[in-house]
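Alright, structures below, take your time with them.
Heads up, the next two complexes both have chain A, just with different partners, chain B and then chain C.
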Partner chain A sequence: MKRYFRELSVAAALFALLAGLALFAPNFYEPAPLLSRFAAQAPALVVAIGMTLVIISRQIDISVGSQFGVCAVVAGTLAAMKLPLVVVLLASVGTGAILGAFNGVLIAGLGLPSIVVTLATMVTWQEALRLGQQGRFINLPPGMQWMGLSQVGGQRALVALAVLMVAAFAWALKNLAAGRHVYAVGSDAEAARLAGIHPKGTTFGVFVLMGGLVGLAAVMNIVQSPQVDPNAGGGLELKAIAAAVVGGVAVSGGRGNLWGVFVGLLLLATINPALTYLHVEAYWEKAIQGLVILLAVVADGLRSRRGKR
Partner chain B sequence: MRKLFLLITTLGLIMATGCNKPSESTNTAGSGGGKKLTIAFMPKSKGNQYFITCKNGAVKAAADLGIDLLFDGPTNTDPAKQNEIVENWITLGVDVIAVACENKEGISTALRKAQAKGIKVITFDSDSMPDARSFFVNQATATGIANVLMDTAAQLCGGEGEFAIITATLTANNMNEWRKNIDLRLKEKYPKMKLVETKPCDDQKDKAQQETANLLGAYPNLKCVMAICSPAVPGAAEAVKQAGKVGKVKVLGLGLPSENRAYVKDGVTQAVILWKVEDLGYLTIAAATALAKGELKPGATTFKAGKLGEIQLQGSDIVLGQPFVFTKENIDQFDF
Partner chain C sequence: MTAPLLQLTCVTKSFGAVRALKGVSFDLGAGEVHALLGENGAGKSTLIKVITGAHQPDGGTIDINGERVAHLTPAAAHKLGIACIYQQPALFPDLTVAENIALRLEPATAAHRVDWPVRRTRAAELLHRIGAEISPDAEVRSLSMPEQQLVEIACALGAGARIVIMDEPTASLTQKEQHLLFAVVRDLRASGVGVIYISHRLEEIFALADRVTVLRDGESVGTRLVGSSRRELAQTSSAESQSGPTSAATITESELIKLMVGREVSSIFPPAESEPGDVVLSLDNLGCTAGGVKNITLDVRAGEIVGLAGLVGAGRTELARILFGLTPADSGEIILNGQRITITSPQEAVAHGIAYVPEDRRRHGVILEMPIAHNMTMAIHNRLFPGTWLRFGAERNLAQEFIRNLAVKAYGPEAPGGSLSGGNQQKVSLARWLATKPKLLILDEPTQGVDVGAKSEIHKIIRRLAKDGLAVLMISSDLPEVLGMSDRIAVLRGGTIAAMLPGKSDAHAVMAAALGQTEDSR
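Entry: the complex of A and B
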């Protein structure tokens, strides 16, 4: 109970918000718009999984938004050429993995700080995308939207896929050797090395995985609309990092739980529609989101100080 | 060390005189002279299709008028980056700077500095403080745009009912100006219409889609969504389509015909409103050239803008003309 105090308090906050909505804006729970909202957040959830691994291993990746844009444009361009969805998906995941590997080589291989490396790649991919795409939308062929399913079917499939990914990764982090290595490297890389773990290999792998997940998320995003916006993905890094931090992943590495991140993202993603449904002015949205993140960081700080004493 | 200092000061002097002289001499002579003019052109963001179309017009004008065009700007809307680029251009010693300003107050200091160094400044699309530039190339006055938007919305809704606005950001200067004028028009002419909410979409289509979906759920009586930044128009349309409210909730907005064609043809979006964007870029460069050559002076009421012909001025505003309404009937005639 005490061990999961943080995750439970985030869940309590979410529950309070949902209860408030049930009371004051019951139409928030109309099934069709609710499903649409879940589907819209599914790609962000997949990115947040990768971000959680990155932060647990004591790194950060702020280039995911730009990676997302590049993958979306690659996927959209191939889809526009009428290639099958499988090819589009593989190409997008592959592109993401390559971009992630680029970060990984610089960070794990050369030992450069991840904040600087991913800042540089963030700007580089973004500019390259502007140059190549010039802001043009890509029109997708008709069969692409909802992967050929009905709208409701497609939305359900996307939500199921995202939740399945969380479950799979949560299980793997706990039960696979590679998963435990991520925690070990994040809490003490030197000790991990002495225990026979390869910290550089683990870090590299985490960044490749992050990129691959971004590639998947990009496809999950473009199938929800008939056009690809090359600016999609702006601000995604903040969303994913915020979900992880609010969900109880320690910024200092070594601690975190994917179900916590799941709840964290749900909380953050509920704030915006909740304000609309409660008829609150849009000006408050970002302030409230910032406040939630601040609370989470302060809670973290207090806990680590108490731990040291 | 001293030699270096001397070199720099002489270079500086040459540049300073080089910048001032042509404008003085052309005032009397009236011709461009031997040196090619350099005009620096900055959009709010380089990655936006709207500003790319603007740039295409600028490039055409540069070719027609025989000037050198520099094009640079922030990748995302970023006022600090705009200041930085202006500073670079001051150091470079260009002849004219033309800017679409993200932050009115923020950029004005840098622009005044440019003017003090003898560089001519004009703004387009979104203005700076009036004392920081000579002219503002106005795509259509704020009132003109707001009135067309509000009138079209009211017409689509039959003069009564709830509507909502999707904007880019709550800080964007030109959009706030439009919103103010929409409010005025609303109070003045359409007392039975009610603006329920204004939501920002950060200039992203997907965010506009989500915000519209939320609005449709939260305001079941909503009759119309008005999107006043270009990526928001297809975003709002997609949300209406997915909610199964095509025709019941009307969509209109300021956007590009190319991004909205499918929705307009399917009857999801009823009206797309825009001025001819390429002409805005063209007119900006034409005005900048005329300003540098001394053909366009404060107090002028008209000037000749290349292929666009005679253009009217209102005070220090160079006005492009009335906004244009793209509908099902005419949208196929435009390819930008």
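Entry: the complex of A and C
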């Protein structure tokens, strides 16, 4: 109980918000728009999984938004050529993994700081995309949207997939040796190295995984609309990092839990519609989100200071 | 006679339960070089930090220029003319020499306007005064280590320092650079500056110092005159205001070593119970340029504890790092169980059955956030979890077994590493490596920062492991520990084995070998 206090307090905040909505704006719970909102957040949730791994291993990746755009364009181009969804998906995941590997080589291999490397790749991919695509949208063939299912069916499938991914990665982090290596490397890379763990290999693997998940998320995003927007990934990195931080992942590495991140993302994503339904000016959304993040960081800071004494 | 520049009387300082200084008195006269000598952990650094104001003493008094200083802070010490030159100069590598000097000397106010020409001339002047040929515009990064030390000395002079502390200044210098530095020290002395000179090298003390004070276990065990050439200067300061036992006669190398060691080895250590078995590890002319280790030839047998003694920087930890693949050897041979092997990574070392319990367990050993069970299994993921996923049951059983065997005091396998005391953390670190079922166990300062009770427990565990057939290589700066635990002792000096001594040797012999005493003149 005490161990998961941080995660539970975020859950409590979310619950309070949902309860408030139930009292004052029961319309919020209408099934169709609710499902749409969930589906719209599914790709961000998948990216947040990867970001959680990255932050636990004491790194950061701010290039995910640009990676997302590149993957979406690759996937959209292949889909426009009427290639089957499986091929599109594999290509997108593969592209993401390659972009992630590029980050990984520079960060793990050369030991460069991840904030600088991913800042550089963020700008590079983004500008390359702008040059190549000139902001053009790609029209998708009709069978692509909702993966050939009905809208409701497609949305359900996307939400289920995202939650399944969270469950799978949460299990893997706890139960696979590789998962524990991520925590060990993030806590103390030198101690991990002395214990025979490869910190470089682990870090590299985390960045490749991050890229692959971005590739998956890009496909989960493009199947929700008839066109591919090459700029759809804008701000995704902030969203994913915010979800992780609010969900209790320590920016100093070594601590965090995917279910906490899941709840954190839900909380952040509920704020916007909640404002609409409660008839508050929507301008407040970013300010309130920022406040929630600040609160989370301050809470962690106070807690770790107390822990040191 | 004038009052001494610096007079410490009965200074005490404790860190938690550890009494680092137990009433040390020390004085320094103008124009004197006063050497400070002692084993690792004797209290030299603490004493220096008290003088520079970095540590507040718990008791005792400090007088500077005859005036009582109640509360010495680093800023106050600076104002009173105390400067410390560390082994690793604390300069800013990206700034020029003039800027570095200016940073120390100019007022630290943001609005202070920089007068560049003045800044440059002053730097040039100071450097000229100590005979250093360094351009004020050179980036500190481009300077050699001794040049950087000269810049530090220039800073000290510029600040009007009357008391200059030098902490092992020659540790990284060549012979020629040393002579340059000695000349500067002699100039400082001639100009009336008092120098506190810390060094492990006896020949330097005899070449340079007027007096020497030996610290041992936080106590000053004696202040003696040194038979160096500058007798007349030494006498002006030492005739009056002497503290601690002082003899008029000058001291010899051998007496100095005796003062440093001084104590009997108690018999609290568990006795060796078994005859050593086959040779497990054999090193033939092993060397590593990067680690500064050369020509190491050494055998370690099953059931044997070989102690690695020597001063800090003598190459003990470096040897351990070679054997664990952290800085691979570039010459010589490692033979493990009769097979010639090369070790280029910790993974390979573990696969060969070598385990290394590093020094400084807080930084390189136990991960404080992780439960101790996870800590204990960290090095054996492949063996404990042959499939792909973790077996928590097996992990728990293993952890509980170690908690029982090593008497780890924790509320259970899930207790985080950070909740344990130092001694118990050390046991967790040990358990991690015993779990790999090693043939050779390398211990680096196994009882550093551990309380007395836990220390003797760890000694018993180490002896029991040896009895069970493990070959143990134990690095320790704790002389009684090395003498009491080791079946044989290899004394390292300057990156190579200076002497191979039998267990239960006397402390004097070990210390003499570690310090490089040339002839035995007892």
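By definition in this document, the second predicted complex is superposed on the first by the 309 of 309 C-alpha atoms of A that agree within 3 Å, B and C clash if a C-alpha of one lies under 4 Å from a C-alpha of the other, contacts with A are read in each partner's own complex, and residues count from 1 in each chain.
The working rule: contacts are C-beta pairs under 8 Å (C-beta built on N, C-alpha and C of every residue); 3 or more make two chains touch, one makes a residue touch a chain.
A quick note: this is a predicted structure, and the numbers were derived from the prediction, not measured.
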First (chain B), second (chain C), both or neither touched by A:G254: second
First (chain B), second (chain C), both or neither touched by A:R180: second
Partner chain in contact with A:R303 - chain B first, chain C second, else both or neither: neither
First, second, both or neither for A:G196, with chain B first and chain C second: second
Partner touching more residues of chain A, whether chain B or chain C: B
Touching partner for A:D188 - first (chain B), second (chain C), both, neither: second
Residues on chain B engaged by chain A in the complex (per definition of touch): 46-52, 75-76, 170, 196-200, 202-206, 209-211, 213-218, 220, 231, 234, 238, 242-244, 258-259, 262
Complex contact set, residues of chain C against chain A: 324, 326, 346-347, 350, 356, 358, 363-370, 374, 378-379, 381-382, 385, 388-390, 418, 432
Footprint of chain C on chain A - complex, ascending: 174-177, 180-181, 183-184, 187-188, 190-198, 254-255, 307
Residue ranges of chain A touching chain B (in the complex, touch as defined): 25, 27-28, 30, 32-33, 36-37, 40, 123, 126-127, 129-130, 133-137, 139, 151, 221, 224-227, 229-232, 234-235, 272-273, 276-277, 279, 281-283
